[in-house]
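Listed after this line are the structures, all set down as structure tokens.
The same chain A turns up in both complexes below, where it pairs with chain B and then with chain C.
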Partner chain A sequence: MDLLLSAAQVALSPAALLAVVLGCLLGVVFGAIPGLTFTVAMALVVPMSFSLDTAPAIGLLLGTYIGGMTGGSVSAILLGIPGTPSAAATVLDGYALTRRGKASLALGTAVVASAFGGLVSLVVMVVSVDLVARIAMQFGPAETFGLLIFGLSTICGLSQKSLTKGLIAGVLGLLIMTIGIDEMEGVQRLTFGTIVMQQGISLLVAMIALFAVPHVIDAFVQYYSNKKQLNASADVRAELPSLKDLGRDFWLMLRCAILGTGIGAIPGTGGPIAAFLAYAHAQKSSKTPEKFGKGEMAGVVAPETANNAVTGGAMIPLLSLGIPGDPATAILLSGLLIHGLIPGPMLFIQNPGEIYQIYLAIIVAYIAVVFIQLLGIRFFVQLLRVPAHLLAVGIVIMCGYGAFAIRNSVFDVVSVAILGALSYGLARVGIPLTPIILGLVLGPSIEREFRTAMILSDNNLDIFYTSIPAAFFIGLSILIVGLQVVRSMRGPFKSSMTETESDASVQPK
Partner chain B sequence: MVKVLKKTLYGAIIASMTFGIGSVAKAEFPEKPVEMTVLFGGTAQTIGQLLADLMSKNMDETVVPVSRNGGGGSVGYQYVHGTEPDGYNIVWNSNSISTGYHGGKMDFDYTAFAPIAKISNEVPALAVRADSGWETVADMAKAVKESGEKLKVGASGKGSFTHLTTEAVLASVGLSDMAIHVPYDRGRAPVELLAGRLDAAIQWPGQFISHHEAGTLRILCVTSAKRISQLPDVPTCAESGAEGIDIVMWRGLAAPAGTPEDVVMKLQDTAKAAAESDEFQKAAKTIGFEVDFLDHAAFADLIARDDEKISALMGELGLKQQ
Partner chain C sequence: MTRNGDLVAGIALLIFGIAWTVTVYLTVPTGYGVGPRVFPLWLGIALSALSLLLLFNSFKPEASIDENTNAESSDSGKAPSLWLQFRTLVTVCGTIAVYGYLMQAIGFVPSTVLVVAFTLFVTLKERRPLVLLGMSFGLAFGAWFAFGKILGAYMPPGTLISIF
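Right, the complex of A and B next:
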């Protein structure tokens, strides 16, 4: 208790509080602008944290991480362009809600769900860091592969008009991510002998291309063909969710928070996977699954809760085992190291005070994020007053800049343009974009886990069924895929699921 | 009036041009910010950012770290290689110049760059589970040979520095054919080791230290010729039974070949002051690297020697493309 109090004195000092709030603000801004992400924001913030004391430095980094994770929902909901890859699932229903004039309600719900998810994951972390770390440790390559395949099979049921088109899209996503140097064997794939292709397509670049570019092209096409805009642009009321609305989804939020924490704790997964799994779960467990994709609030609540729960989940292996789960936690790790905090089992013994400071910083960050975003909503929604074709110009600039900023590479800007034009074409011929995203997000992980597992087992496939978790998840996926195939064979035009609007980037006609 | 104005204007322009040309010849480097290309994320980026920060304090202009990741460093090397040799574009380099070239990722080698100064060393460490009962590398080699089962060793992907180190250590104790290299990224090797899916791992010490202190993992040895300050009680691999092992990852600064001597000297002195500062020494302890400054001439020798070594090692492993 003394430790907690002394940690509170440090973590709640004006300098530390200011650092957290500034971090959150920066994170929200970077997260909200399509093309800029919290990973970029954190890389910018790290040098600043060098000269700060430990508590403000940790606060600044955590604030940026958490602010960015929630900020990604803003542009996902308002513009249909996810601010970060983790917010891609939020687009499906969030943008549909905006088109129905419920932008501010969706934004408010998203931020509350985010904070809820983050805080639940923090509680899980505080209470059971050792237990969760031990369970996560059981997830080796074979088990993680099973889990990812399970994820892929569940999520594939989402919003597809046609199984074939969905498959085409999914495979395209997988293909794009094979470009570059294969990290395991060191071989070059699809680089055509150039150095510039060796860097591969960054996930973020592909995201911008898939969501933002078709959106922009659409806006111009509509403007120049003088079609009437069905955009709900006039409706900018700042309507906030009531406690009753939130209470209705409480159990869903709790389930998604726990799901997100668990996914976050397993190295090799991450925010986008958790968000899509949560979305699929929400749709499956809903009484009205046909409403998903048309502006169902649960479709915003689930992914937003889960992707923020990932922050707490990812902290578990980071702090207790010293393993960063994603690029953002890797930056956090170096920020901790420079202040002499070496994550791992000894951190809890040698630096218990700093551990409490981290916990408190997370709590402060979520409080700050809720305030920043709730205050910000009335300004954010003003964006909808801007005519779509003018807004599109702004989006083009931000995306070009954002693509460049990821790696300071012109190649990335060119990739956005090419892939973007390509995805506009795909959207026009009715190929859904969501499975492409899934291929992008899951493909590299699935490949890596599968190959590592095969190397570990000396090329013996039994590693996938001798491990109980791996066998369990793979069995489940076979079941799900089997059911889907049977259903699509029996009544391809009957299923209510097939009506779901699949493609967030094309405006309703 | 207008004419007069025009005349003075032309005069001013001409004057400024002459002065401009004159001042380029005489001016002190640097006149504008120096861009430092950082090739990797993680600790390489953190150290690079800190170094740039400290160098800026000793110069009239700032040193700006810019990440150009990808392709095992080749993307950043290519960028700097293509810039003017005037000292305004430098690269935070490492042995990756040799592994990248010999691995066929770039068509230019270390001679495309003028060394400025070596800054630091990072030394890979070999760790096993504490309950394995192995106290030295020799113990490990003996146990593996007796059991006849292959040793699963975790390191980064094929052709990476930790992978080459792994193969060198294994070869020195006669385990080359008795081991499986399991590529792990993002620092997952310690967990795989703890969970029992790997038998040994070669990674940067920072990943193991906390587990080593907690008594769950044991760091058998470090691959340098001398013990490292972060782990004074851990023997070197040579002491532990792997004879002749001396492998360190160096990091330093380089500019495109053809950069004027005085500019290189200026950058070298600034880098020296930064490397010797208290802040940098302190960061070395917490992040886990050794500050080991060498001037540009000594650094050039080191790069050339190391390139030969890496080339030979990659040749033996069948990884050499050029």
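Right, the complex of A and C next:
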């Protein structure tokens, strides 16, 4: 209890609250503007959090994550274009409601459903995350290696259209992270004798390059191609649903929140699949399924509850095992690492206070998001009118300064430029960018745990199949990859999971 | 995604994979047991093998894959030309790289004003004075205030000239 109170003192300090609100605002803005995903916002926000204390930094990152997840519904409802892939299912009935003149009510309902989904998932997360961490605490290097390989196997779900390309992307991510000084033996690897390369490629440099630079290039290309921009009506506000309406949809929201949390807890899934499953569930369980797609409010409630519940679900493997399930949580993971918090079982022993701060920051973020959306909806509508290429100019500045701020080094800015160009090239030939991030994040841990396990077993591979958890996770990973290989051999590979936030803006041509 | 795209990507990645593997083999010592060489070496080999697979797949008939992608392309109208994409890529990435050097040399605010003005005027052919001045100075001072003053982040003052 004392720990909770002292965490509350820090997490509810003016600086931390301001950071959460600022993060939510950024997240909602980036999430609301189609193509400008909140993953881009998170990649740009991490370097900005360097100068902050841990609590405000956590608040800023979580606020951006949660704000972004809810913000996608704004353009989905008003323009019929999902601000984020997670809001794609919201378009079906949200935009139909706008055409029927119920945009304000749809926006208000979406906000309430989002907050409900997020808070329910938080409760589930608090209950389960500690349990998962306690189990994981029994793990040695072999078991942890198995677990990380299982996390890496989610590349299959993030591979979009081609498994080969997804695997190439994952290998590229793993490969990049081997550059620099080997942490176990202190040997230089591919540094070519230069001092700057000894530190290796900064994770943040890679993230800015992978997420933000291709977006800017794409925005400029679209501008040159004279693509028309859709404008939202300025005469819109967010209108809260009545208690009667909320009561009617309560059980649906609860079911969708649990569904979203469960989906979010599986690495490699994410908001879009949760939203579409919830939408299908709402339609199936409705007495009037024929009204779906024509402006049914339950068609907004279900996906918005589920996609926000994913946030709490995704935090379960992230905090308890250190496995990010999607690009946004991968960036969140890197942000936590920078501030000295190492997600995984030991986090609960070494940083219990910060765990409570994370829980409180999530609660504050959802409350802030409700107020921001209700009060600021007219502002967001105006923002949707700002041409994408002008917003992209601002992102150029954030890319440059964000990279510079990492180590006050021009080398990092130039690295962003080079890696950004390569990222755009990879995206154009259809190689997904998200598995690269997964490789970048998990790569060093995979190598460290494998080598430690091999040292413990005197270089005998037995250790990986004599341990039941290790064999289970490795077997599960082989099964996942094997099934996807079989599927791709039978016909065109279609991702069973999700089109990810990051790759949404740059489509292969 | 065209077959040609897969072909080019496959060749480029194969060359990179082989170069990587050879460089690792020649420059990284083996060490004890699973030493520092093992992971980068096997990753290089894996990349080369996957690139070969991509290359092999690129010779398959076009209709067998990526029907969805073709549909997307046709939905979104005429795809931007490769030259336009390349030109934009060079401009954007060049601007970011130059911005890094400028930031160090003349400081955050002046370099940001210059880079935004350049991007708007030269790259985006923006000619409205209000937009040019408003965005250049607005972004520079807005970012300086938000990051430097509110978040307390380090703002490079400039080694050649220092205004802020």
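Assume the second predicted complex is superposed on the first by the 266 of 509 C-alpha atoms of A that agree within 3 Å, B and C clash if a C-alpha of one lies under 4 Å from a C-alpha of the other, contacts with A are read in each partner's own complex, and residues count from 1 in each chain.
By definition in this document, a residue touches a chain if its C-beta (ideal position, glycine included) is under 8 Å from a C-beta of that chain, and two chains touch if they have at least 3 such contacts.
A quick note: this is a predicted structure, and the numbers were derived from the prediction, not measured.
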Checklist entry - Touching A:Gly353, do we find chain B (first), chain C (second), both, or neither? => result neither
Have a look at where A:Pro289 lands relative to chain B and chain C in the superposition and call it first, second, both or neither. neither
Exercise for review: Tell me which partner A:Ile323 touches in the superposition: chain B (first), chain C (second), both or neither.
Suggested key: first
Exercise. Regarding the shared-chain residue A:Met184, is it in contact with chain B (first), chain C (second), both, or neither?
Worked result: both
For A:Met137 in the superposed arrangement: first (chain B), second (chain C), both or neither?
first
- Task: Return first, second, both or neither, reflecting whether A:Ile455 touches chain B, chain C, both chains, or no partner chain.
- Result: both
- Message: Taking the superposition on A as described, I'd like to know which of chain B and chain C A:Asn408 touches: first, second, both or neither.
- Response: both
For A:Phe50, decide between first (touching chain B), second (touching chain C), both and neither.
-> both
Chain A contact check, chain B vs chain C, more residues touched by chain C
Chain A residues contacting chain B in one complex and chain C in the other 50, 182, 184-185, 408, 455
Per the touch rule above, chain A residues touching chain B in the complex are 43, 46-47, 50, 137-138, 140-141, 180-186, 188, 195-196, 198-200, 267-268, 317, 321-325, 327, 330-331, 334, 337-340, 342-347, 349, 407-409, 448, 452, 455-456, 458
Chain B residues touching chain A in their complex are 41-43, 45-46, 49-50, 53, 65-72, 74-75, 78, 103-106, 150, 152, 156-160, 180-188, 190-192, 194-195, 197-198, 206-207, 209-211, 213-214, 216, 283, 285-288, 319
The answer for chain C against chain A in the complex is residues 1-2, 5-6, 8-9, 13, 20, 23-24, 27-29, 31-36, 38-40, 43-44, 46-47, 50-51, 53-54, 57, 64-69, 72-73, 77-80, 84-85, 88-97, 99-101, 103-104, 108, 112, 115-116, 119-120, 123-124, 131, 135, 139, 143, 147, 151-154, 156
Chain C partner, complex, touching residues on chain A are 48-52, 161-162, 164-165, 167-168, 171-172, 174-175, 178, 182, 184-185, 187, 189-190, 213, 216-217, 220-225, 227, 389-390, 393-394, 396-401, 403-405, 408, 410, 412-414, 416-418, 420-421, 424-426, 428-431, 447, 450-451, 454-455, 459, 492-494, 507-509
